[in-house]
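Next up: the structures, one after another.
Both complexes shown next keep chain A, but they swap its partner, so chain B is in the first and chain C is in the second.
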Partner chain A sequence: MTALLEVEGLSVAFRTRRGVVQALSQASVAVQPGQLLLVVGESGSGKTVLAHTMLRLLPRNVDVSGSVRLGGQELLDLPPGVLRRLRGRRMALIPQSPASSLNPVRRLGGQLLEAAQARGLTKQQARTRLRELLDEVGLDLDVVGGRYVHQLSGGMQQRIVNAMALVGAPDVVIADEPTSGLDADLVDTTAAQLRAISARGAALVVITHDLRLAQRLGGRLALLYASRIVEVGPTAAFFAAPAHPYGRELLRALPEREGKSIPGMSPQLTALPGHCAFADRCPDRFDRCTQTVPDLYPLPGGGLARCFAHAER
Partner chain B sequence: MSASSGTLSASLRARGRLWQRLTDAVGRWPASVRVAAGVLVALVAAALLASIVAPLDNTAVDLDRVLEGPSAAHLMGTDEVGRDLLTRVLHGARISLTIAAAAALAAVAAGTLVGVLAGTLGGRIDAVLMRVTDVFASQNHFLFGVLLLVLFRPALGGAGAVMLAVGLTHWPSLARIVRGELMSLRERPFVAAAVGGGANRRRLVRRHYLPHLLPAVGLAFVLTVPHAIFHESAYSFLGLGLPAHQASLGNILADGQRSLLAGGWWIALFPGLAMLAAAMTTGTIAEYWREHLHPRWRSELEL
Partner chain C sequence: MLSAEAITKRFGGRSGAVVAVDRVSLTVERGARLGLVGPSGSGKSTLAQIIAMLLAPDSGVLTIDGDRVDTWGARCSRELRHRVQLVFQAPRIAVDPRLRIGDAILEPLAASGTLPSVADERGELLRTWATRVGLTADLLERFPHEVSEGQLQRACLARALVVRPRYLICDELSSMLDVSTQAALLETIAAVQDEQDLAVLLITHDRVLADTWCGQIADIRELSTRDQQCPPPLPSSPVSTRA
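Let's turn to the complex of A and B:
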């Protein structure tokens, strides 16, 4: 079965003055329509790079290998013009921090209409569609349309960028850190809005380091550590019993669990070790862990974990 | 019937709101800006309506009334061939202001174009455009203008050549400002969001870059106008601008310099004052606008 969005063996490296930054190594994930995929990891683990590579929003100094397929079509070889028509129509991005992702010097109505028209709608269609989308989240186009972004609250800004992403009725929606900078009570609202998006039948990819949001959203979860996916599986299974030691330590670090932080630091992306990147911090490491990088081994619950502890099964 | 009266009252209401906003804005201006705006509006109006305000012919020679001081018949006196000075100053102001505004517009358009191209395309195009900018900026801009005048005056005539000379020598600083502004704009998240939403380069420039550049570009225009007035006057004074018989503030000043030795102080004084008034009022408004764009400065000063 081919998935709607399929990422396979994706590696992304940035050539910088400090050397080559390996942001993503051999990442493979897939999402079906109406499904939810959470990409979780600490900052610098490669989750935003994964999201941006799906849309190919990348700077010039980048080397990409592997494959990103949307409905069977390879996106990494597409010419920019074709890709541009895909963005917003088939794949939409809900950007990180809505406040700075909206143009501060233009009224929101113009920006919303423009986004809709960029996705091929006529002015009339755009207006009707935006009115519907905003109505659903309790906003009035005529009222917010005349405002500037700084005149809205954080929650309203979030709803605006959500509407902007949905206006082209995309098949895949990618939300980049939807709860960064939001109050705790807004996290619930955001989770509800995201669930509503995937209920429309779109495949939803949520990039987050907010484990509480992840737990609320459910679906499947991919855990990233130092540019590699270390665990994939159902979100509920992860929170019940994480298979990778990093996941275990991460959950123990939550204040409502043990609040015990993981000793050590994650490795520099310019000098990733030739063995398991978590080995130096791992409480249960073997000799093999400091010799080679483990593969993703299948778990009994249907997931995968990049840890030799699961190699024997 | 009700529909048409509805549209009418709606348009009246819209006009009322616009007027309200205008008066509100004027109400917030400091006294100096209000005076400057008033003087500038009066000056521009008098220059535009020169033939109505001063009905005498600005080229009519009256050799019986040569070099007369200000009087009831000739409020600013007459020049060395008996032409009415008030009439000439008003016509001169019209030409000088028009040339200055057109030259400033040309300079601002060129600077914005170069800056936007360099800032959005980047790479080699940026490097080449910036070196060209350096070449233009490293010349003495007045002498470079003289060179352009000599080259283009035969083809374009005095007024056109002055516009070109001033326009082509005053864009480099704006080009640098625009490019710098774009460099930081390009990294803003809303640009990435727009690209992620399918925006192409033209849409980015039109919808996201230009609205951000508008204040800086507008300010550059207003600051260039008084400067361009001086340039026009200086070139005409040197005999490189408009033909000597045509009234421009610079030409009248050049006449005035000769008449000064014959005791005709008024011929240099009045066009000088008109030039000063135009330059000072636009300068005052530009200065206020610049402060207005950076309200933070003020709150810091008021600590």
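Let's turn to the complex of A and C:
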């Protein structure tokens, strides 16, 4: 069965003054309707680039190879006009930091209506749909519509951008760091809203560095390290026993576990090694790890891990 | 000892003044680790800026090791300012985008005229602190947009520690960073604490982190002396259930 959203062998490189930054290497993931995919990794590991490439929101100094297919249709060579109609209607982005993604000098009602109309709804349909969406999260369009973004709390702002993403009834929703900087109560609210999006039948991709949020949301998880997916599989299996040494060390760094940092730093994306990128920091490395880049090897629980420890021996 | 007594700060607004910090009192002993928790909007960051002498309180008394500093406001002396250093939540907007990382780390010393005049000494000082926060030499030559968020926050920590403060305030130090970088930053801070009796005020919404890392935890809502006299900080305890 072909997945609703399918990314295959995706590589993204930025041409910069300091050389070529390899932001994503040979990434493959797939999401079905109603499924949740978590993309987890540290800053600079390639998670946001993956999300933005799915929507083709990329600057000009970029080289992309591989494939991103939505319902079987290749997105990477669609003309901009067609792509624009697809964004918001079939695929929507919940941006990082709602406060800075909303226009500070316009009332929210106008912005919400504009977003809905850009998705092809008439003014009347837009109002009805927005009223429903905001109702579900305890907001009244007539009240918040008259406000400016700075007049709302962080949690209300989050609900507004969620509604904006959902107004076109998209098949795929991509949320970029939805809880960054929110306090515990708001993280709970946001997690509940994300689960509700997935329950509506949309395919949901959540980009996050927040491991506790990831554990709470479940679904499937792809762990990125230095531009590559190093482990992918059921989220519960990852938290029970991560297969890749990076995942293991990352979980140990949680304050409630050992709070112990991983020695060393991840490699520069301009000079990625020709072997396992984690080898230098890995407590379990052996000779082969510093010779070639490992493939993704299948795990007993149905996942994959990019580690020679799981290669057939 | 750092002591804040009945600190109040209001911000004006067309719809009336907002009381951001309402008669908050707290003390931080030398070498202590105090976790400051509370929901968004409860005044934690405003209090941090007041304690770091970046904002003058409307009323209240702030003393640092016996010196009263609340009345100084923006004219507070460098020496006093160096006693308290603040690491901000978002490193991207906390560093000058035109300064190389190495220069950013030494900037507080340059600004106060205490930067070693011999180039070798400067280099040595920079290398020492860069190594302690886990930054490699090549990163020191880069501009902020050329390094990751985690590397930048490491630089911000080095910039705060290079003046050898007595009190370090970390305002949501790691809410934008992965857990391993968070652990690395806290390990560096702990090592410096062991050496120089540094006190840390850790502002966080991560109650688990506060519980595991801090000796004491205080909820800012319970530090207000509106209706009581200076309560002691709360002992470390499970998540508060108040709404």
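By our rule, the second predicted complex is superposed on the first by the 312 of 313 C-alpha atoms of A that agree within 3 Å, B and C clash if a C-alpha of one lies under 4 Å from a C-alpha of the other, contacts with A are read in each partner's own complex, and residues count from 1 in each chain.
We take it that a residue touches a chain if its C-beta (ideal position, glycine included) is under 8 Å from a C-beta of that chain, and two chains touch if they have at least 3 such contacts.
All figures in this text were calculated on a predicted structure; none of them were measured in a lab.
K.L.:
After lining up the shared chain so the two structures overlap, which partner does A:E256 touch, if you call chain B first and chain C second: first, second, both or neither?
P.N.:
It touches chain C, and chain B stays clear.
K.L.:
After superposition on the shared chain, which partner residues are touched by A:T122: those of chain B (first), chain C (second), both, or neither?
P.N.:
Neither partner.
K.L.:
With both complexes superposed on chain A, which partner does A:L55 reach: first (chain B), second (chain C), both or neither?
P.N.:
It touches chain B, and chain C stays clear.
K.L.:
First (chain B), second (chain C), both or neither: which does A:S65 touch?
P.N.:
Neither: A:S65 stays clear of chain B and chain C.
K.L.:
Applying the touch criterion given at the start, work out whether A:Q291 contacts chain B, chain C, both or neither, answering first, second, both or neither.
P.N.:
neither
K.L.:
Over in the complex, which chain B residues touch chain A? Could you list them?
P.N.:
It comes out as residues 188-190, 192-200, 203, 207-208, 211-212.
K.L.:
Under the stated contact criterion, what part of chain A meets chain B in this complex?
P.N.:
Within the complex, chain A touches chain B at residues 55, 57, 84-89, 92-93, 95-97, 100-106, 114-115, 118-119, 161, 164-165, 168.
K.L.:
Tell me, which parts of chain A touch chain C in their complex?
P.N.:
Residues in contact with chain C: 18, 41-44, 153-154, 180-186, 209, 211, 249-250, 253-256, 259-262, 265.
K.L.:
Of all residues in chain C, which touch chain A in the complex?
P.N.:
The touching residues are 39-41, 89, 134, 136, 146, 148-151, 172, 175-184, 186-187, 205-209, 212-213, 239.
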